[in-house]
Structure formats: C-alpha cells, structure tokens
Amino acid sequence: MTFKTWSRAGLPALLGAVALALPALAQDAAPAAGPGPAEAMAAAVQTAASTVNKGDVAWMMTSSLLVLLMIVPGLALFYGGLVRAKNMLSILMQVLTICAVMMVIWVLYGYSLAFNGGNAFIGDFGKAFLAGVTPESLSDTFTKGVQIPEYVFICFQMTFAAITPALAIGAFAERIKFPVVILFSILWATFVYFPIAHMVWGANGYLLTRGALDFAGGTVVHINAGIAGLVGAIIAGKRIGFGTEQLPPHSLVMTLIGAGLLWVGWFGFNVGSNLEANAFAGLVMINTFVATAGAVLGWLVIEWLVRGKPSMLGGVSGAIAGLVAITPACGSAGPLGAIVLGAVAGIVCFFFCTTVKNAFGYDDSLDVFGVHGVGGILGAIATGIVVSPALGGVGKDGYDMATQVMIQAEGVAITLLWSGIASVIIFTILKIIFGLRPTAAVEREGLDINEHGERAYHS
Amino acid sequence: MTFKTWSRAGLPALLGAVALALPALAQDAAPAAGPGPAEAMAAAVQTAASTVNKGDVAWMMTSSLLVLLMIVPGLALFYGGLVRAKNMLSILMQVLTICAVMMVIWVLYGYSLAFNGGNAFIGDFGKAFLAGVTPESLSDTFTKGVQIPEYVFICFQMTFAAITPALAIGAFAERIKFPVVILFSILWATFVYFPIAHMVWGANGYLLTRGALDFAGGTVVHINAGIAGLVGAIIAGKRIGFGTEQLPPHSLVMTLIGAGLLWVGWFGFNVGSNLEANAFAGLVMINTFVATAGAVLGWLVIEWLVRGKPSMLGGVSGAIAGLVAITPACGSAGPLGAIVLGAVAGIVCFFFCTTVKNAFGYDDSLDVFGVHGVGGILGAIATGIVVSPALGGVGKDGYDMATQVMIQAEGVAITLLWSGIASVIIFTILKIIFGLRPTAAVEREGLDINEHGERAYHS
Amino acid sequence: MTFKTWSRAGLPALLGAVALALPALAQDAAPAAGPGPAEAMAAAVQTAASTVNKGDVAWMMTSSLLVLLMIVPGLALFYGGLVRAKNMLSILMQVLTICAVMMVIWVLYGYSLAFNGGNAFIGDFGKAFLAGVTPESLSDTFTKGVQIPEYVFICFQMTFAAITPALAIGAFAERIKFPVVILFSILWATFVYFPIAHMVWGANGYLLTRGALDFAGGTVVHINAGIAGLVGAIIAGKRIGFGTEQLPPHSLVMTLIGAGLLWVGWFGFNVGSNLEANAFAGLVMINTFVATAGAVLGWLVIEWLVRGKPSMLGGVSGAIAGLVAITPACGSAGPLGAIVLGAVAGIVCFFFCTTVKNAFGYDDSLDVFGVHGVGGILGAIATGIVVSPALGGVGKDGYDMATQVMIQAEGVAITLLWSGIASVIIFTILKIIFGLRPTAAVEREGLDINEHGERAYHS
Amino acid sequence: MKIVMAIIKPFKLEEVRDALTGIGVHGLTVTEVKGYGRQKGHTEIYRGAEYAVSFLPKLKIEVAVAADQVSKVVEAITASAKTGQIGDGKIFVFAIDHAVRIRTGEVDADAL
Amino acid sequence: MKIVMAIIKPFKLEEVRDALTGIGVHGLTVTEVKGYGRQKGHTEIYRGAEYAVSFLPKLKIEVAVAADQVSKVVEAITASAKTGQIGDGKIFVFAIDHAVRIRTGEVDADAL
Amino acid sequence: MKIVMAIIKPFKLEEVRDALTGIGVHGLTVTEVKGYGRQKGHTEIYRGAEYAVSFLPKLKIEVAVAADQVSKVVEAITASAKTGQIGDGKIFVFAIDHAVRIRTGEVDADAL
C-alpha cells in the first residue's frame, strides 16, 4: 500500500481524533470526549454507510456548484449587462466580493447563527468557526434515515447566503460606493439573512413551525433581497440623469448569458433544496423548467400586446420572474400549476416594472424589487394555492386554501417588515457615517475608473 | 417532528391519492382506481426503492441541465455570434422563445405524442397534460430492473424537443419575422419532431423496430433540424446583400463561448441518453470527448491545407461537426473509431460548407445544413460501420456491415423526406398567409430594433 | 424486447468478446485469452456490481465535464480577455487546439505513459491506444473495494492533461506562432507532463512513494505549467511595445466570465480528485470554496492598501491564486486553514505579479508564473503545514511538520527543474528550427488576422 | 456656409442637441473621439502594469449652418455644453464651399 | 485641394467606394458617426424605460482631391449613395491648404 | 488659425503625442477611423465566405494651432508617425475662422 493510498484511506480514521484546530477562535468547540478516536470513527463510518447515499452526495455537490454558477458568472453578468459600460466592473466586483465575504462569514458565524440551536428567531454560536464539524458529521434530509455529509450541507447553504445580498445590490447599482456596498452586505446578512433563514429553515424556526411552505427559499432569498434593495434605492436616491438622460443596458448579450446561467443554476437552488436525488426531485425539476417557460411566454405576450413588440430583455426578465415565483412552490405545485404560476408571475412583474414603478418614480436600477420582491411575494402566496390537490398540487395534511394562504401571507409580511426595517436602519447608519454615494463627478465618469482604477473594455 | 419535515416526508404518501388536477384539460386521465392511496403509495415506494438508483437520478438530472445549458446560453451564443450585431437579439430571442414554447407544448401534448402508446409512426394523447404522471411513475432504462423517475425522463426528453427547432432557425437567420419563426417551430415540432422521435425512440417506433442504431438522436435532432433549416433557407430566399456585401460574424468570441457550452452540454445529450450512470456511460463519454477533438483537428488541418490558415471559426465548426457525427454513434464506436469518425466529419463538413454550398449558391446563414444535416447523415451512416467489432466498436447481434449501413441509410432517408416535405408545406403555408420576411428597410436596419425595440450593445 | 433495448442490454456481454479494433496500431494489446467472452463478461459485471457505485460514476462524469468547462470556455476566456482585441482569437484558438490535440495523444499514448506500469519516473506503452480497456475495466479509488469504470477515470485524467499546456501558453501570449505553440504543447506533454503525472499519481511514482501530499495536482498542473510558461516567455522575449506602449486587457468582462467558470469547474478538478462522492468529498469541496473566497479578499485588501483601489482584475486574480494554492491542500487542510492559505496566496501572488515581476522585467504576458507557479509553490509547501491537526488539518500518519515541508519542497524542486530544463530545451530547439515569433509587422497588426484570417469583433 | 465643430463632454450631448433645435438647427453629426488637453486623466492598473490614460472620451459635433447663423450656434453650444470644469471642450468654425443633400441633389443653403 | 466630406448610410459604403475608384480616386478615410436630422429614429424600450433614439448610425467619408476633381467626386458620391429615402445624407466640401504624405514627405497633389 | 488633421497608424499615437507636446502643443483630438488607400488589406474567411478587407484601422488626429506653428506641427507629426512603410498616412491642413474654449468663452489663440 503506497503512502498516498494509505493517507487517504486512513484520513477518516484520523479525523475522529482531530479537535478543532484553532481553539482560540472557536467560541464553543464541542469537546472531543467520549469514545476514543478509532472507535468513534468506526461508528461514524458505520452510520455514514447506512444513511448516506452517494447519489445524494453527488447531486448535492452538483447543486452547490450550480448555485455558485448563478452568482459568478451568472448574476454578475445578468446585472452587469444592464448597467452602462462605465459601471460594468463595479457590478462584477460587487457581486464577486460579496460572494467571497459571505463565504468567509458563513464559516465564521453565519452557518451557526442560521442552523445551530438557538430560539425561534435566531441560532447560536455553537458551531461558529464550524466547531465540531468533521467529514463524518451528517445532516438530516427530509426522509427519515437518509442523511448527507454536513460539509456538503454547509456548502449548499453557503451558496444561498452568498447570492442573497448580491441580489439586493442591483437595486442601487451605478451609484453607491464600493466599501459601503460591502459593509451593507455584512450587516444585512448578520441582522437579516441569518435570522430569517433560521426562522424558515432552522429546526425550531418560527415560520417553519407556523406551517409556512417555502420549498427553496423564496422568502429568505427573494422577498428578503427585494425589499432590502428597494429600501437602498430609495434612501440612496436616484442616479444622476435618471428620467432625463438615456441609461440603456450596455450589453443585453451579457444579460442573456447571465439569465441562461441563472436558469441552469436555479435547478441547484430548487432541486438541491430537496436534499436528495430521489423521485420527488423530478417533480421539483419539471416545475422549475416549465414555470420559467410559462413566465417567458407570459411576459412576452403581455409586452407584445401592451407595447407592440416583444423584447428579449422582456423574455429574460420573465424567465427570472418565473424562477423567483416557483422557488417557494416548486415542491408543492404540479407541472400545470407551475406553468400557470409562471405565466402569472411574468404578467404581474411586467406590470409592476413598467406601470407601477414608473408611477412611484423611485429608481430601482435593475428592478430588483419589481422582479425578486414582487415575484417572490406572488410566489409565496400562490404556493398556498397551487399546493391544492384540486389544482394538481401535492397537497398538505389538513390543507385548507384560505388558511394556508394566510399562513403564507404572514411569512411574507414578517420578511417584508424585518428586512425592510433593518435595511432602513443599516442604510441610514451607513449614510450618516460614510455617505452612500460617490461625488457627482465620479458617478458621471463611472465607478469603474474611479473606484477600481480600470475599464471593462479597450478596443 | 416539525411540520415541514412532516410535509415533505409525507408528500409521497399523499401523492398516491392525487388524481390529475385539471381533469377538464386532460384527455385521458388514468383513473385512480385499485388499491387505496396509502397502499398504492407503499407499493410505489417499494418499487422505487428496488429499481431506482439515486446515482442514476443524479446523473439524469445533471444531463437534463446540461442540455438546457446547450440551448441558453449555448446555442443562442453560438448562433448569435455569427450574425451581424443588428440581428443579435433576434437570434437570442428566437432561441429563448422556442425553448419556452417547446417546453409548454411538451407538457401539453408533445411528450404524449412522442412517447405514449400509438402506432409505429406517432404516439397518442394518453398522457397529454402529463395525465397520470406522478412522482412515483417510473420509466424504463435499457437495463432490466433499472428505472428512473418518469418526471426526470420527461425533463430530459423535453430538453431535446426544446433544442431541435432552435437548431433549425440558424439556416434562415437575419431575415424571417419573429412570429413566423415561432409558428414554424410549433407546427414543425407537432408534425415532424414528435413523430420522428416516436419512430426512433417510442416503444413500438418504426425505425427502432427496423434495427436502426441512433444512440442519442442524431436522426431525430440533427438530420431533422438540418433539412428543415435548409428548406426554410431556400423558401425564404437569400439575405439582402448576400454575395455582394460583407456579412461577417459580429463576435466570434460569443461563438466560442457557445461552442464550449455546446461541447460541455452535449455530454448530457449523449451520455444522458444512456439513462444510467453505469460503466457503459464511460464509453459514451470518452467517445464524445475524442470525436470532438478529432473533428477540431480534422477541420483545422484541412482548412490549413486548402486555405492556408487554420481559423478559430473552423476549429469550433469542426467541434460541432464532430459532436453531431458522434451523436448516433457514441454508444456503438470505440474511442479510436470515434476519433476517426470525428476527423472525417470535420473534413466532410468543411468541404460541404465551403465548396458544395457555394456551388449551389443558397443562403444557409449559419450552415445548419452543412454542419447538422451533413454531419448528421455522415454520423448516422458511419454508425453502421464503426459499430463493427473489427473496428473497435461494440458490435451488435447478427451484425453485418452492409446490412446495418442500409438500415441506417433508410433511417436517414425517411427523416430527410418526412422533415423535408413537411417543412416545405409548413413554410409555404406560412409564406402565403403571413409572408416570411420583414420589409427590406427592416432587414437593412436590423431585426433587433424593428422587431424587438432594443439594441444588443450600447457604448 | 425491442431490438434497441436488446442491443443496449446486450452490449456489455458482447464487449467481452471484442479485442482491440486496430491491432496494427496497438503496441501491446492485452491478449483476449482466458475464459470465453461470455463467462468473462459475467464475471466483469459481477465485479462491477459489487465495487462500482453509480453515485461515484455520476460525480466523476460531472467532474470531468467541470474540468472541460474550465478549458473551453473557461480558460480561453480568462486569458482571452486579458490580451488585446487583435490577438483574442489566437488565444481562443490555441486553447481549443491544445485541448483537442492533448485529448487525441492522451488516447494514443499519454494515458499509458502516465498511468500504466513503467518505473518510478515514467509509465510504459502497455495501454497505448487504450489497448485492453473496455467498459468493464475498472480503476481503483482511494477506498478499498470501491472502483470506478476505467473509461471514466481516463476521461477525468484526460481533462487534466488537456488543460495543463493550455495554462502555460498565457505566459507568451500575443507573440508566438501558432504552429510553434502546438508543437511545444505536444513535446512538453510528452517529455514533461506525462512523466511528472506518473511520478505524482502513478502507482509506483517517485514522488508518491516519497510521501509528497498533492491532492489534486498542484505540482503536476500548476507549478509545471507555471515554470514552462516562464521559460517560454523569457526565451521568446518581450512583446513589441512592452514597457513603452499600453497593453491593457481588451475585455475584463471575458476575464470575469472565465474566472467564474474556472472557479465552478475547479470543483471537478479538486473534488473529482477524491474519485468518490463520499463524505470526505465534502471537506475537499468546502476547502475549495473558502480558500478562493479568502484569496479574493486577500488580494483585494492588499491591493487596496498598497495601490489605493481594489480592482476587479485583482479580485479574480486572487480567486485563481487561491484555487491554485488550495489544489494540493484541498484534501489536507481544514476550512479555517483553507481560508488562511487562500488569503496568503492572494497576498503573495499580488506582490509577485506587481513588485517582483517588475523588478525582473521579463514579460510573462498573463502572469502565468506569478499566479500558477508562485501560487502552486506556495500551496505545495503550505500543504505540509496546513495538514497539521494542530491547525485543523486532517493529519497524516507519523506527521512531522518540518519533515513534511521538506518532502513537499522536494516535489516542488523536482518539478521546477524537470519542467524548467525540458522547457528550455524544447523552446530552444523550436526556436532554432522554426523561430518562435512572427514578423514584427504581423505582431503589430495582430495574430488573429495574420495567422487565422479572421477578426474577433465586427460592429 | 460654415461648419461649427465642437468637442464636448459626452453627457452634454442631449442638452446641446436641445439647445440647437431650440434655435432652429435640425441637423448635426456626432463622432465619438478621445481628447487630450489640460484635463488630467487617470491611472489604470492591471495587475503589475500601470498606464497613465491621458486621452479622455469626448464627443465631436459637426453642424453645417449658414454663415449668418454661426454666432447663434456657437453661443447655443457654449451655453449648453458648459459645466465650468476643465475639459469642457472647444469650438472650431471653418468655411465650406459647398453642401449637397444626397437624396435630392439640393445644394448649399437648401441642402442643410 | 479640397476635402469632400460625405455623410452616408452605412450599407452604401462599398458602392461609394467602387464609384470613387471608378473615377480614379484611390484613397479615402471613413468614420463611424451618428446623425441627427429629418430621418426619424426609433423608440427603444428596456423594461419600464422608454428612450427615443434620434441619432442614427451613419458613415462619414473624407476624400482629399484636387480642386478640379471635386464636382466629379460629388457626383459619384451622390449617385452611389442615393436611395431616395430620407436620411441619405449630405456632402460638404471645404478647402485645404496643404497635404503631406507621411511616408515620403511628398506634398499637395503628389501626396494624394 | 489652422487645423492640422493627420491620418496615422494606430500604434504611432503615443509617439506623435509626445512629439507634439515636445513642441509645446498640448491639445489634440483623436478619432478611430478606417482608411482605404494604397496599403493592401487582408482576406478574411468565415467558413465558406471570403471577404476582402480593404479598410484598415487608422487614427485621425486633429490639432488646432496658430497659423505660424503649422509647419512645426506638420514636421513633428511627419517625423514621429513615419515608419517608411506604405500606409503611414497623410496630413491635411485647413484654416479655421474661429476657436472658442467652452469653459471660459475665450476665443481664438487664447482658446487653444
């Protein structure tokens, strides 16, 4: 047996003996007590063998990567294509940096706050620095007796935490200072994302115990980010030139690439939330396919009727609206319900992003609230409807449509209030301390050259 | 047990009791008779447990996503990069819309027509609206006793249906009205794609029972789309400026991105067609890798010899030609046979797209026939050769090269005739009723601004 | 049973009887002796059933595709965005062609030289032309009793061979003749890559038996390519205009897309190197996530401090530096160690690419040595440190930090010397015979138009 | 007839166009240019390479007008393109012999 | 010597070039410009934002010729660039003092 | 006052700019253009389609200077833009009536 072969085969055995490496950093490391490492290991392997299926592991790792693909390059391009060329890199940089920062704080305390112990509203610091997590640690799935490695679960959920603040920044694109965007993300994740994630997904989370249906995190991710973005857009104020100059997307091609990658990646998001590669995953998958298709058609048909021309930006906006709306419902609806939900989401978001938004006059640069907020609210509430067996949904024990819709609405309201109020506070503090916006000259000339010292394109 | 955990764990049990949600829409819903839901469910889970492997489910879901990646952004970019900037969005929009439309009609009646019952040439409406399909429904693989969830099979095949008409539109790019392209796709899918898919893949399909080898759908997808595109290109006539003005690709970079994603995604297409993540999948995979490599080299060497310079567009054109050619053969050839088949495909398609096409003088804008049609025909026929054990192929019961080549040629001929004739009829009808082309002024100025009211790039 | 169903079910049985198809080509085909094909087959299937897990197959196939995604479009775009527009296609073409060429020679003799028999420094030709490999052949994993199909292993390793020479070419981008680049790749792969891969991964490889830790090939791939690139850059000399004219990246957007795809694909590289979708894979995955995050932050913070502005190119350069550094360490470090290693890699590579490189004054066009070489050396050595259980690493039998660091350093030194000296010889020979560089007029005007007869962009 | 050629800051285009239509000038041609002058540029940094960028994006506007309109046009442009910051640009006026409208063949004053 | 400067529709470039070489003019310089004039533009819509686009893509051609060739050149351009549709463009002619060929230092007529 | 307009090879820009600042000229405007002339172009091939590309990338430089500086400027450009190869470009000089600095309203010599 060569050394290398040995070292890998033997690693799991060794790991049982490894206590947390950096005890000074760990707030609450699990004591490495009990049976000696070798026995512990044997037991762990035994357990792993009996409850972990490699097909699930393969799928959950794939799903984690699909969500990463949604962030960079997916979301970065989707948003980047919509701004002017002079601010392209600022968007790419914000998305990349937020992604990196969130991953680090996820390991430091985010995972623990979201998923470990605590009360109905927030977790605790018991797994800060991933204290006590080893390759043998397992996480439950929704099926009794089926588990996945905890590191895989941590990776999967880490990608959710990484994308959510990045979604919000589209609302105030092209006009906020880079350090402020990053500080906002850290504060907002800490005081909004981790608590709401805990409420929806934590073992004893408030919304979970209330009975709210949210298969893949429509509330946690989309409504949450949508309202935070709207608050930021309003507090920051409009872009220079908004309403007077032309601010067209600089490359709808990048937006299409981003949208395509978001669609592909969203299956990691939705079907990954099933935590298993089982037969039920197939239903989640087809719903995610056809709701999107329905929403593309919904937006383009209504735009064609109202505006006279169906646009490609409309088509991809519809796709995202449909994906947002099916996110909470993807494990509840049937395929026909999903198509209808998607189509309705396409139409409703179209009206919001055109008529309603223009009536209010605020400058949500990339329609984060109009697509993620509105689509998310619609999806969350509609989940209470399309779950109905009478509409082809999968049903729910003791299901009553009115009751369920009320439960769903409660989840929406709590998220809107919590995220909205906290965002007002965070942005106001940042505005007072640092100021949110660069100088007018900098904004005019573009954030790329001024904040990052580079330009996106040279001929 | 929290509600959420319960609701997911309990969903499968509930599902057994769920009849089709929208009976008014369903033509032929399976009656929910027999044993009560709970028992049925128990049985279903039992069966699922014994015949469904989560590794297969993980792979087939991954494969479905890989094919989606081929469509948006893959094919959209590959084609989009080859047109002029003023028509970029029109291509992206056509591919996106066709994808969405096909997914919806796949659920409505396409899947049923292609895969449910019927005769040797077409299925029936028994599973229209996916009537009777539940998360417990299973589909057979090629191995006795191994099944995959039917929803997963439906998703996988849905992506094939979505890409095929989108392939065809490259032949008449830059000059057809958007609504006409969409109508064509719907009619062509209904009268050509679903029947041919049924003939090749349906349990009792004509070509299947004849013994034609077509592992991943070279006939159904590539020959089929190639001839449809050619017919469209001829009936629509040449682009304004063809032969007199320069019509260079506006961004070969987009074409490279698209080609790369097509290559990556094609493994979903080819290896996914194996329906299992078993050892045989490895052969399909290596063939798909090396045939492409061979074809890149085939095209670039012949171009270097004939033209004096190897071009990047040549390299990626070769890659696609190789992928097309190996599609039917990927489960029949050995790796050396695959390299040779790829190289030959690169060379043959090079000659077709340069010499032959120019001799005929028609305007197949993006060489859909030259690559997909010609490469597909070559691959289909060559499959009868490279399957030969004497050439490293996997062989076939009672194999005789001449016989097999004739069987393969029959499949090619039927597809060319069926798709060709139906396409003539469809395009002629559309031409008479709506006219195929926009005004000359619109074509000059570009489809993006005129048909979709937007432009791809702003500086 | 339809023919098609039969043909697939029956293929494996037939395959047992298939000897290598092209015996004239095969140097050392395994004789198809022993038990008759049918029995052999039955045994093979038996074995396969008992040691191959479909979850592993699914993951390893996914991993192979992820590495392909790293090459085209990933690396092609990452590098392409950094050159001037006039040389864009030359980069895309070099990466594509190298990928294709390497795949073909991998099948012809590369796999055999790297992984079959031989001595401590190089394999033999026993599996040239993949002689004797069938769908039933299996490869060992690191777990006793767990195997994967050999074709899948061949595909996975093929992608490593395909990317490595393509990494090197960034160092002498924009100034070497296309045929010379391709010849270099073939010679270098043969005399450097295959031997070093054998030394690190081969059953009896020198470095493996010495006890060097290199989980996913930091030595074989990154140090190896980095030093080769540096040698090429120095022997070729500087680009015209280097130091006097501005040579800015023509599209940092392409570079971001490439970086994102490299990150996503790198999980195939690192986690795929685990060869199984088991619990340990989760550790490799989280390390690959967070080391990258740490490196993004490391580079941007140090750049912010030193240069006054954090740049997006800095962020993505950091990401790649972190990925390079964690490559050897991803199966040894713990997540906190990975974050720190990433951050250090970001900082060290920043200083190298800015201060050190400028002090030396050579023209490594795309900082291949500064990122892959330096990051690779750092990662290789640091692996000996972060593996320490005291630092949260997974430990190693009889681990002693100083000893292990020395072993790691030995691996680095051997690779630097072997690859460095061989690269000097290869480039010198190519320079004498063909000359490395095009004429000054060609270099001025761009390689795209002169070597490939096309331009990347037309408006 | 004269051509008034102005180099302006890019974001001023709409204002200048409006100012010109305000005084009855309904045709103009715009070119994207790069300007070098007193206005200082930036340093761009791409890893180890630092580039001082002294050429800044500007727009060149060309308006052909009758000679007697020149001063009005120059005034309109000056007023609308001015920010008071360095780099606002220049106006140059030069004479043309001849103007033709391609569509109709009309010449000189009629061609504008 | 004069410069004949023409604003034309982009797709007419090859025809104009051919017309000019037809009359023995073998050098010209082309610039991508945007034109504003009588030809109406489009409305572009990006989700909720509507932009009236009044600047249309045109090409500017500059040809330096001896004074006695001007009318031939103007005619050739007019004939080849004309579609008869609004927006065909304009031709402006102005005098130059001096021409130099950089490569050789030849001046004036010899420089063209 | 005059405008010296030069068509040069793109990679000569920095040298020309330096030559001009060397003689005290601190303002200029640059436009990307395509030139057609004696310098032969390329053939581009995209699968079956072959295009002869006769327009080559050039830069146009425009410098407004006092009349008495023209010859110095022309010399500086000629010297710095010259490679001796075909396609080095041309210099054209023409008179302007009037120059204005938008920021200050200064005119003529003061405006440059």
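As written, the chains take the letters A, B, C, D, E and F, and residue 1 is the first residue of each chain.
One rule holds for everything that comes next: contacts are C-beta pairs under 8 Å (C-beta built on N, C-alpha and C of every residue); 3 or more make two chains touch, one makes a residue touch a chain.
This one's a predicted model, so the numbers in the text were calculated from it and none came from an experiment.
S.K.: Strictly by the touch rule at the top, which chains does chain C share as contacts with chain D?
M.R.: A, F
S.K.: So which of A-E, C-F or B-E is the twin of C-D, meaning more than half of its contact pairs are the same residue numbers?
M.R.: Of the listed options, the interface copy of C-D is A-E.
S.K.: Quick check: more C-beta contact pairs in A-E or B-E?
M.R.: Between the chain pairs A-E and B-E, A-E carries more contacts.
S.K.: Superimpose the Cα atoms of chain E on the matching ones in chain F and note the rotation angle, 0 to 180, in steps of 5 degrees.
M.R.: With C-alpha atoms aligned, the rotation comes to 120 degrees.
S.K.: Can you check how far apart chain B and chain C are, centre to centre, with Cα atoms defining each centre and the answer in Å?
M.R.: So the centroids are 31 Å from each other.
S.K.: Quick one: chain D and chain E, Cα centre-to-centre, how many Å?
M.R.: 18
S.K.: Could you pull out the residues of chain D that touch at least 2 other chains?
M.R.: Where chain D meets two or more other chains at a single residue, that happens at 31-32, 44-46, 85, 94-95.
S.K.: Using the touch rule from the top of the page, what residues of chain C touch 2 or more other chains?
M.R.: Within chain C, residues 53-56, 58-59, 62, 246, 248-249, 251, 257, 307, 309, 311, 313, 453-455, 459 contact more than one other chain.
S.K.: Please give all chain pairs that are in touch with each other.
M.R.: By the stated definition, chains touch in these pairs: A-B, A-C, A-D, A-E, B-C, B-E, B-F, C-D, C-F, D-E, D-F, E-F.
S.K.: Can you tell me which positions in chain A touch chain B when the two form their complex?
M.R.: Going through chain A, the ones touching chain B are 53-56, 58-59, 62, 66, 84-85, 140, 142-144, 203-204, 208-209, 211, 213, 248-253, 256-257, 259-261, 263-264, 267, 271, 274, 276-283, 285-286, 289-290, 292-294, 296-297, 300, 307-313, 315-316, 319, 331, 334-337, 339, 388-397.
S.K.: Show me the residue ranges of chain E that touch chain D in the complex, using the header's touch definition.
M.R.: Counting only chain E, the residues touching chain D are 2, 6-8, 31-38, 54-55, 58, 60, 70, 74, 77-78, 81-95.
S.K.: Which part of chain E faces chain A closely enough to touch in the complex?
M.R.: 44-49, 51, 53
S.K.: Flag every residue of chain F that touches chain D in the complex, lowest number first.
M.R.: 3, 17, 26-32, 64, 94-103, 105, 111-112
S.K.: Would you mind writing out the residues of chain A in touch with chain D in their complex?
M.R.: Touching chain D: residues 241, 244-246, 441, 444, 449-450, 453-455 of chain A.
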